[in-house]
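One chain, chain A, links the two complexes that follow: it is found with chain B in the first and with chain C in the second.
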Partner chain A sequence: MLHTVNKSSFERNSLKSCINTIDDTSVILLIEDGVISATKNINSSMIANLANQGRVYALQGDVEARGVSSKLVDNIKLVDYTGFVDLVVEHGTSVSWV
Partner chain B sequence: MAIKKFMYLNRRSSFGTVYAIESLEVVLVAAAFDQDVSLAFIDDGVYQIIEGQNTNGIGMKNFSKTFHALGDYEINKLYVSAESLEERGLSADDLMPLVYEDEDDNWVEKSSVKVVSNAEISKIMSKQDVCFSF
Partner chain C sequence: MKISIQINEGPYQHQASDTAYQFAKAAIERGHEIFRVFFYHDGVNNASRFTIPPQDDRNIVNQWAELGIKNANGEPELVVCVAAALRRGILDESEAIKNGIDCNNIHPAFRISGLGQLIEAGIQSDRLVVFGD
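For the complex of A and B:
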């Protein structure tokens, strides 16, 4: 499954809820303010392992808009909108953790 | 008109909601009325003034550039929470170099941005006539 998270982990607990709930084959795509969670900060331990397993993606346009391209947690994969569509196709059911 | 002290608390990042851009609009209104304006950037609000924002990929206006105009409106008291920066893995070096020209000091260009503790922001806030939270 594909899980999208669009809120900052400093503002909402949606990323935490998502991580607590997903199975071992699911991937997470961080979009909009969700990309704040793709940066190295006091909450990054939440996604570090998943990122090392290649299961965390972030939308490049949203990362660049926020000026945090150089701050990303290791092994997060950047995708553009086409890559977003590819993830939807590849992973079947999507969940938006709005 | 009597001059009042206005403080604007910017607590959210730039593009996920309209709060940030709306705050900036209201700040400019206060400036137009020659009020004493301070801005505080706390929590995710610190992301509003990160250097190097590029919105080409999301089709939204990059209003971070507008912060550079604040100095010309004599808005030169921008306080940034040190704690909020640190939690987010950020430092003063990641912020836009926002400046103003000091008319009391031969128009020398000075920084408008001060990184301060939350305790200091609290003190500054207590001296205001009006605080708006965005």
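For the complex of A and C:
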């Protein structure tokens, strides 16, 4: 499954709830303010492990719009909107954590 | 692949409609079919043809309209939830007449219908992607 998270971990608990819920085959796509969670910060241990497994993506346009391209956690994969579409196609059901 | 989209937030206040639009555009360019876009809750405000943004800003309503998402019968598949729309003053001609209001404001690329259209989109499509706040 594909899980999209659109809020920063400093604003809501949706990323934490998502990580606590998903199975081993699921991937996470951080979009909109969710890309703040893709940066190195005091909460980034939450996603570091999943990122190392290659299971965390971030929407490039939203990363650039927020000026955080140089602060990303290691092994986060950047995708454009076409990449977003491909993730939806590839991973079956998509869940939006809003 | 058949993809449907649900949008729960209005234009300009939230990023949801912008993200959904970019997603829909990319999906079409990738050769997928957008079966239906369902506008729910404040998302119904994306359907107002009275929307006039400043000249140097994007017109989100027209952007959606220009994607030309229609079914085989040529009817728009940008579908607005009727209960959510009437509450927020989004009306088509028949709802305006029925409720004694002298004008309507739905953009012709959209149509008003019921929640059953969302369920049907979920059943008929390979994927349903939700954009909200």
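In the analysis below, the second predicted complex is superposed on the first by the 98 of 98 C-alpha atoms of A that agree within 3 Å, B and C clash if a C-alpha of one lies under 4 Å from a C-alpha of the other, contacts with A are read in each partner's own complex, and residues count from 1 in each chain.
The definition used in the following text is that contacts are C-beta pairs under 8 Å (C-beta built on N, C-alpha and C of every residue); 3 or more make two chains touch, one makes a residue touch a chain.
Remember, predicted model here, so these are calculated numbers, not experimental data.
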item: Clash or fit (per the criteria above) of chain B with chain C on chain A; value: fit
item: Which superposed partner A:60 touches (first chain B, second chain C, both, neither); value: first
item: Partner chain in contact with A:32 - chain B first, chain C second, else both or neither; value: both
item: Which of chain B and chain C A:68 touches, first, second, both or neither; value: first
item: Partner chain in contact with A:88 - chain B first, chain C second, else both or neither; value: second
item: Chain B versus chain C as contact partner of A:77, first or second or both or neither; value: neither
item: Inter-chain angle, chain B to chain C through the CA centre of chain A, in degrees rounded to a multiple of 10; value: 80
item: Touching partner for A:40 - first (chain B), second (chain C), both, neither; value: first
item: Partner chain(s) touched by A:12 [first = chain B, second = chain C, both, neither]; value: neither
item: Partner chain in contact with A:96 - chain B first, chain C second, else both or neither; value: second
item: Lowest C-alpha to C-alpha distance for chain C against chain B (Å); value: 5
item: Shared contact residues on chain A - chain B and chain C; value: 6, 32-33, 61, 80
item: Residues of chain B that touch chain A when the two form their complex; value: 12-16, 43-44, 47, 50-58, 60, 62, 64, 86-90, 94
item: In the complex with chain B, residue positions of chain A that touch it; value: 6-8, 10-11, 32-33, 36, 39-42, 44, 60-62, 64-69, 71, 80
item: Residues of chain C touching chain A in the complex; value: 1, 3, 8, 15-16, 19, 22-23, 25-27, 29-30, 32, 127-133
item: Residues of chain A that touch chain C when the two form their complex; value: 4, 6, 31-33, 59, 61, 80-82, 84-86, 88-89, 92-94, 96, 98
